Structures are given as structure tokens and as C-alpha cells.
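This report concerns only the one structure given below.
Residue numbering begins at 1 within each chain, and the chains themselves are lettered A, B, C, D, E and F in the order written.
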Amino acid sequence: MHPVRVNGFVCKNPMEVNADDFFKAAALDKPRVTNKVGSNVTLINVMQIAGLNTLGISIARIDYAPLGQNPPHTHPRATEILTVLEGTLYVGFVTSNLPAPARNKFFSKVLNKGDVFVFPVGLIHFQFNPNPHQPAVAIAALSSQNPGAITIANAVFGSDPPISDDVLAKAFQVEKNTIDWLQAQFWENNHN
Amino acid sequence: MHPVRVNGFVCKNPMEVNADDFFKAAALDKPRVTNKVGSNVTLINVMQIAGLNTLGISIARIDYAPLGQNPPHTHPRATEILTVLEGTLYVGFVTSNLPAPARNKFFSKVLNKGDVFVFPVGLIHFQFNPNPHQPAVAIAALSSQNPGAITIANAVFGSDPPISDDVLAKAFQVEKNTIDWLQAQFWENNHN
Amino acid sequence: MHPVRVNGFVCKNPMEVNADDFFKAAALDKPRVTNKVGSNVTLINVMQIAGLNTLGISIARIDYAPLGQNPPHTHPRATEILTVLEGTLYVGFVTSNLPAPARNKFFSKVLNKGDVFVFPVGLIHFQFNPNPHQPAVAIAALSSQNPGAITIANAVFGSDPPISDDVLAKAFQVEKNTIDWLQAQFWENNHN
Amino acid sequence: MHPVRVNGFVCKNPMEVNADDFFKAAALDKPRVTNKVGSNVTLINVMQIAGLNTLGISIARIDYAPLGQNPPHTHPRATEILTVLEGTLYVGFVTSNLPAPARNKFFSKVLNKGDVFVFPVGLIHFQFNPNPHQPAVAIAALSSQNPGAITIANAVFGSDPPISDDVLAKAFQVEKNTIDWLQAQFWENNHN
Amino acid sequence: MHPVRVNGFVCKNPMEVNADDFFKAAALDKPRVTNKVGSNVTLINVMQIAGLNTLGISIARIDYAPLGQNPPHTHPRATEILTVLEGTLYVGFVTSNLPAPARNKFFSKVLNKGDVFVFPVGLIHFQFNPNPHQPAVAIAALSSQNPGAITIANAVFGSDPPISDDVLAKAFQVEKNTIDWLQAQFWENNHN
Amino acid sequence: MHPVRVNGFVCKNPMEVNADDFFKAAALDKPRVTNKVGSNVTLINVMQIAGLNTLGISIARIDYAPLGQNPPHTHPRATEILTVLEGTLYVGFVTSNLPAPARNKFFSKVLNKGDVFVFPVGLIHFQFNPNPHQPAVAIAALSSQNPGAITIANAVFGSDPPISDDVLAKAFQVEKNTIDWLQAQFWENNHN
């Protein structure tokens, strides 16, 4: 017997569905080890909870080390809404290539515990913990069961195989050896 | 000058939009006073953050008194994903009138801190704090900027004007004086 | 050979599709035996007509015994539009937990033959035949090929297994023995 | 004060909405006078019931004179589901330019009272009353609050201004004077 | 192993996807042989590029012989946007059965090289090359990965099996022998 | 009189709509002057053709100077399909942060005249003209009437006001003075 799939994911026989199909012991209350830019995203999406399939939402805990950041990234299929549980975050997003003077406007805000902020679908955004001594924690929700994440530096400079350094040197208006240096870094993913 | 509206809500001139249109000092870190069934839902939706318009997501803090509950309710336009921040919750939802034996199945789970649970769009669900001494707190996200909430008891027995007691007595298979008694209660809303 | 499925339902090879895939001898002209609350819903959805898959509509005949009702219920995935074929119906729905004074408003109407009424997606609604001597009949259409139906009393008091009577007693502000009595009833489905 | 509009239609202040915004005394039980091809469509859409706005459904009564037809037409924004209330209908639709042998397949069926048939979105379809002595009546529902209707003969030969007869003669492989004759007819609308 | 399918089409394992899944050597720069009404549509949709699945777009080259036309047709699931690469086109579409005087309005335009025109979803439209000596070429894009096309004459007069000539004679207000003559033509498809 | 708006854009009275509302003399056949990275995008969207509103498509001509590029960018609300009219293009996109080994895969292809390539919604992509002597030209279509474009370098290094160089230095693993140098560049938009 092969499984029925909906939207690419297995769809269980309704007679066999149970509460565990809508549940994950995700330990979102527990701090995570952050990566070298100082963050960790623990995303609970349709890969973790099969019952989320087609339902258009997911949730994440984000940990920030002191001075850590969730670096500039986009979600190709979701808007994000975030609230700060612990610490302080400096957050922002940049608008698209609108006609000037609205072009590439950077909207930023310092968020304290309990504040809420919205990152519209597809826009480049980041969160940064400006506190050199204390970690920060946020809960974020995304408007897709499979929102995707594209960390800009990783996708541009850490792709497999690398993008041609000719292309990137001209795109970023730097020397090719700067691109080569960037491409030689280890671009660590912070999504787990 | 009258405002441009999209989806019934004012759409600001792009030149005048700023970070505050995507922000709310919502104090989601602060406990709320619960109502008489022992809960309080603090929902941050498009009414609180204009920038959420059309973006399909909202977030809420839910407080539960000891033995308090967020009573059986539905969201007509959203799926909900919830994580427990403090305490323990007994949660559940009931499936629709599917063919037996899947008809009106009750799926329930005891959630501890950090657990995640999903309530599919439109299904009747509740959360109950089984601890007689400690409050509980959850963060929930909903897949609409205006999800709506229908508390079953309030809508059925507390509507304005009341639904005919003839109709309700037969629907709930009780005497009319039981319906009259139910309709005489004060059905307090827990959504703020 | 396993079948291709779209949206969880079998999708026939286009070469083998024929008119019968879009047809059902549904006998919607024939009266149905009503259940103990005095109604019967004969729904023609994607389970009856495979060709409805992904097309977002279904149709139903509803029979009402004298003084019978289609008791308070919701459709989690559809708006309903209804027209009366025979008799008279007293119909209504209740709005969601909007800010007062719009909160839980009950909108009702007496419908005569040929009248049309709309029940918006996800809202609790009912139809009642106020005539003690004559049955009533309606045709209803729903904006989904699989709209779902949740009869409130059945889902709340007749779920399998039952919801805890502690939870329901507090939610409905009645004694636990009232809940126990309600849960002991036979909650008959009127959807066929 | 100018009105709020959603989707191009006036959206009333929620405080002022009432049951009549979801109601129409449409007299769908009453026979209509049919046009010269022998049919009449009485459509109840968002123009008749403001509360249908955004809700994705509408309903119609269709009257057919003896040997009358609802001639080949499409709904650009809706699937249709139809049930026969009185008489007999010969109905059909034609598939699109699929690869042969599935190309332009004509699927037809004779429908008796109580039968249900589906016309998928955008496909050319018709209903014909083959009975020379008795009228027929159907109720149809459409998956849009504003489905649109395009009667093929009217749009092709009765447009204002006319399409060039050079274009149509070649498209329909007939002489220009046949097109001229067709364009000289009075192409009566049967949608009211 | 059977393949995973999404939306009816095979969905490759993400580990095996490569650039060729998003590519087609479609030769859209090359003239095509036109059919007997003088056109050829070379459509690149999800059948040609598997990676288009769910992404909601496709592209086509259209060739027009001198005095050739892409005859009146609809796309049941897509809006079309077109730009002229070579030659001149006389294009138009007809609105639906709106209330008079907007009913069945014919909107037309002569397009020169570099002009852009839009054909809204589901409306009957055509393009005609008025030049008796030079061919014309256009690039068109459609808002679906599987837009469908219904050539009006082919679907109405060239279906398999034919629609009853009784029905068509009355619908088009012509003699049955005219219908018979039309149905005897060879209705050649111009979509490849 | 204030205008009716749908989706934020003016919706004309149907009685006043004409063919010009669906037309633009866009001169897409004419070469454009390219910017300093060697490209120019001439996008025809809902701002240029009001009749595109809600219809979900737009079209663009892209000019590439010899060795010019349309640098890495995303469309937050659209998939793109592209065909080469003149010259040769080296194109590619990078997948999102999928689990390794599918993480940040770079899919690239050399396109010749007439080839077609797809850039899925929200993914970072570029086109580069590898020919040092000849320009290249493409037509691209996007699955939104207002797709948006985010040029990565411009949004990250050229925003107004600038993103903190502390944040960017850590995100891109370079010295702050490299960021300062990048932020001092003139980031020219190539969308017109």
C-alpha cells in the first residue's frame, strides 16, 4: 500500500489520525545553542507536525546570543509575526525597489519584552540582540506550513556550487578577491 | 481627503508608512486578569497593527487561571498553532460530522511547557489548565490577520437577541427552562 | 497501477473521464426521512461526484419535519446560500466575538417559498420549520466541494470519547450532572 | 461620508448590518417568462444580496420553455452545480483543447428530476429541455458571488460594436454574408 | 517506487531536482508553420517544464500568417498579457453579459511592435494579423501553469461527439443545415 | 466624487472602461539604456495598465549590455518565466535553507535564443550576459500584477537609512570598513 499524499506530504487515513498528528514535544521552552552569528531558529512546520499540512501556519523559537543576530534573510512563502520573550531585539526590514523616495526604505525598531513586530512576506529582515551580556528569546509565527528561509549571505556567497565570482563582483561592486574570500567562509545555517 | 482602503482597512500612502505601522507595544509578557471561566486572550491582529492587513497572520497571549479554561470555541477564518510558556494545559478539538467511526472524534492531549499543538481551521477546540494552584500561559498564532472567534456557549446562549428557546431546547434535548436558565447567565467574553 | 490523486481524491486519467464523473442520480426531488430533531441533509459533495474535486462547490437538499430543525451548526470551510422550495423556515446565524455592541448578534428571518438567505463561512446557524403541520424543503449550496459540518450539540456533548465534564460544566455554567445527562443522550447526525 | 468598499462593493459598518443584508425575497419559486431561445436565468448574486461579498457563492433559478434552452455559455469565474426541479434536461459541456483524443470532448447527459450535474469553471456548456410540451426548472449554484456569464452566440455575433466580419468569417469558416446575417439578429440576453 | 505527485503532476525528490527541471530549449525564436486559420500557438506550460508546477505562470510564442488569426477563444484558468514582436495585430475581447449598456462590449485595438495588451481571465478574445503580406509574432504570458484554451468554433462545432444540431441551430438562430455544414468542417487546433 | 478602489487601485465605472484600460504603448521592441551593472528592466504592471488589477500577471523587457547583468534579486510575490530574444544569458537561482545536501543549491544554465527558464517565487536569481561584444534581450513574465523586486545588494547595502554596519559586518563576516565602503557606493536601481 502506498500512502495518499496531499500537497506532497503523506495524508493519513482519517480513521487512523489521532492527537499526536497535531502535536510535537518541541521543547520550545528550552534555550538552544546558537551558531557563529549568534542565533538559532527552531521551526515547527509540516515536517515536524504532519497535521499542519495545508493549514498555512508554523511557529518557531529563536534564540539570540549576546550580540547575536538572526542575519538578513527572507521567507519566500510567509509573513512573520514575532514577540520578544526575553531580552531586547533591534529588528528591521527593507522595502522593495519601489519608486523613490519609498525605494529600499529601512524600517527598524528596538523591541522590548512583550512587543510585537511584523515582517511582510518576502522582504529582507533581521533581528539583532544589542545586549553584550544577556541572551534574547523570541517566538515567531509564519503564515505557511512550509515558509522556507533564505539567509542572504549563505545563498549568495555559500551556495553549492558557488555563483561565478565575475557575476558577484560586479553585482556587489567589489573586487573578485573579496568575493573569493567571502565564498571561502563557512556559511553556517541557523535553522534547525 | 478620504483614505484608500484595502480589504476594508485603511491603506496608508507608501510614502508615509513607517516602522510603527508594523509594531505594537503589546506587553505580551505581562499576565492578564482572567474572566470568570478563568482565561484571557490578548489578540494582536489587524486592528492593533495596521501593517498586518492582507498578510494572513496574527498572534495572541492566552492566560489561564488555576483550573481556568479558554472554553470551547472556533475561529471561522484561521488555523491556530499554540505553544505553552508556563504551566500545563489539557487541550482538545472535535472533528466534524464525518462518516462514523471518524465522526465527532475528540482528540486531546496534555501539553507541558514548550509543547506545540495545532487546532485546524473552524473546528471546536478548548484549552484547560488542570492545575488548581498555578496559572498557565500560552502563545498562539492564527493564520489570518482577522481570524474571528466564536465562543460556543456565548454565541448559542448569550446572543443578542436570544435565539428562540423552542429551537434551542430541541437542539440540545433539554427542557426549555434549562435553556432559559442558560440564557439568563452573563456570558462574558474572554477576548480583548 | 496506483491512481493519481489530487487534493486527496483520485484523479482519473483524462482519457477515461466521462459524463458520469460529473453526475449523480441524487433524487433531490424526493422527501427524506428526518431524524429526531426533525431534519435531514442530503449533501452532494466530492464524495458523491468525483468531478467536483478542486471546483469549490456542493449542493444539498434539506428536509424539515413539522416543527423540525437543522440544529445550530457550522461549516468550517464554506459559506451557504439557501432557498426555500416548500413551506416556511425561521433561520438565523450569530456573529462572532466582535467588539460590543456587534458581539454575538443574532440575525434571523422568516423565509417563505422562493426566498434566499446566506450563512457566512464558519458562523453558527440553524433553520427551523415553525409549522406544526407541514414539512419544509430547501436547496442549499456550499462554497466548497467538501464543506464539512459541525453540529454544535453533537460535537460538544456527543464526541467520542466525551470531553471532560469538568471542562464542559464550567464552560456552560451548569452542574456536572447536567453535562453528564447531556452526554448520555444519543446525538443523532442529520447529514447523510 | 463616503462608504467603505471591499472588492468594489459597499461594506456596511458592522454596527449597522442586519439580517436583510443576507436576504432576498427572490421569488425563486415562481416561473419566469423565457426569452426567444426559451430560457430565463434568475441569478441571485452580490448585486442582489450585499452580504454575499467575498463569500464565493451565488444561486440561480433557471426556467426552460418546452424545447427551450440555456444556450452554450461559460462562467469565467465559477463552477456550476445544477439540480433539476421540474421536467427533463439534456445537458452537456465540452472540454478544452487538450491533446487528442481528449480534445474538445463533448460530455452530455439526460437529467431527470432530482439529478445533479457539474459544469467545471470556464467550460462551454448548455441545458436543453427536450420536452415539446412541458417546461423544465432547475436550481443552479455557482462558486463565486459574481460568476459572470458569457453567452457564446451573443458575445461572438452580438457584441457592441460588432467584431469584424472578416475575422469571424475565417474563424467560423463561413462566408461573410453568413456572418453579416448572424450579426443582424437580435441576440437576446436570458440573464436577469 | 511510485512517484510523489503534487497537483496531479510528478514532484521529484528535492535531492534529484536540477536546473533542467526549470528549463526548456523551446526554440521560441523560430517561426512555426501556421494552421489553416493562419496561426500557431507554442505554449510552454507545466507539461513542458515540470518545475512550473504550482507556480502559476506559462509563456507562449504565437505566429500569425499574413491575414492569419488566433481565432476567438478563452482561457478558462488564466489572464493573458501579450506583446507584439513582429508585425501588427488587431486584437479584441468581449465583456460578459453585464447589464446594458456594458453588456457584451467589444474592446479592440491595433497593436504595433512593442505594444502590450491584456485579455482578462475567461473572456472571449482573438488576435488578427491585418497585413496581407507580412507575418506577425507575439509573446504571450498566462497566469497559470496550465491555463487551458477553448477555441470557440472548435468546441461548439467540432466537438467529439458533435453537439445536437437542434440545440445549436436554435442557439445560433440558423438553419440546421448550416449547423450540419459547420460540423462537417475540419476544425484544426492551433495549439501545440 | 471619489473613485472606487479595488486592491488599492482605482476601479473605473464599468460603463466608462475601454480598450485603452488594457493597453500600453510600451515600446518593448526598443532597446533601453542599461545601468552601471549593465541591465534595464522595463516592467509593465498594474501601475502602467490599470486593467491588470487583480488579474495576477505582468510582463517585462530586460536589456543586458555586453557583460551586463540583472544582479541577484527576488520577487516577493511572483514566479518569473523568461525567454531569450537576443544573445545568450547565463542564469541561475539558489534554493532556500533546505536540509543538506539540498541546502542553498545553485541551479544554473546557459540560455540561447528561444530558450525558456523559470525562477520560482521568492528565490534569489540573476541573469548575466557573458558576451563581451553583444547585448542580450529577454522577455519575462511574472505571476502578479504587482510582483515587486528586491535587488539584494541595493536592499542590504543601499537602504535608506543604512542598516547598522555592526549588524552587516557580522552577517557577512567582513570588517566594518568593508561594509562602510559598500554602503558608500551608489546602488543604482535597474527597474524602470
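As a working rule, a contact is a pair of C-beta atoms (placed from the backbone, for glycine too) under 8 Å apart; a residue touches a chain by one contact, two chains touch by 3 or more.
For reference, the UniProt names are A, B, C, D, E, F = Germin-like protein.
Model, not experiment: these values are computed from the prediction.
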Any chain in contact with chain C as well as chain D: B, E
Would you indicate which option in E-F, B-D or A-E repeats the interface seen between C-D, with over half of the contact pairs matching by residue number? E-F
Any idea whether A-C or A-F has more C-beta pairs in contact? A-F
Over half shared or under half: which fits the residue numbers at the contact of copies chain D and chain E, same or different? same
On a C-alpha centroid basis, what's the spacing between chain C and chain F, in Å? 48
If you average the Cα atoms of chain D and of chain F to get two centres, how far apart are those centres in Å? 41
Using mean C-alpha positions as chain centres, tell me how far chain A is from chain B in Å, no decimals. 27
State, to the nearest whole Å, the distance from the C-alpha centre of chain B to the C-alpha centre of chain C. 22
Among the residues of chain E, which ones contact at least 2 other chains? 2, 5, 92, 101, 105, 108, 120-121
Once the touch criterion is applied, which pairs of chains come out as touching? A-B, A-C, A-E, A-F, B-C, B-D, B-F, C-D, C-E, D-E, D-F, E-F
Could you please specify the touching residues of chain C with respect to chain A in the complex? 2, 5, 7-8
Within the complex, which stretch of chain E touches chain D? 37-38, 67, 69, 71-72, 74-77, 90, 92, 94, 96-97, 100-101, 103-106, 108, 120-124, 126, 128, 148-164, 166-168, 170-174, 178, 182, 185, 187, 189, 191
Going by the contact rule set out above, which residues of chain E touch chain F in the complex? 14-15, 17-20, 22-30, 44, 48-49, 51-52, 55-59, 61, 78-81, 83-85, 92-93, 95, 98, 101-102, 105, 107-109, 111-121, 139, 141-143
Per the touch rule, the chain F residues reaching chain D in their complex are 2, 4-6, 11
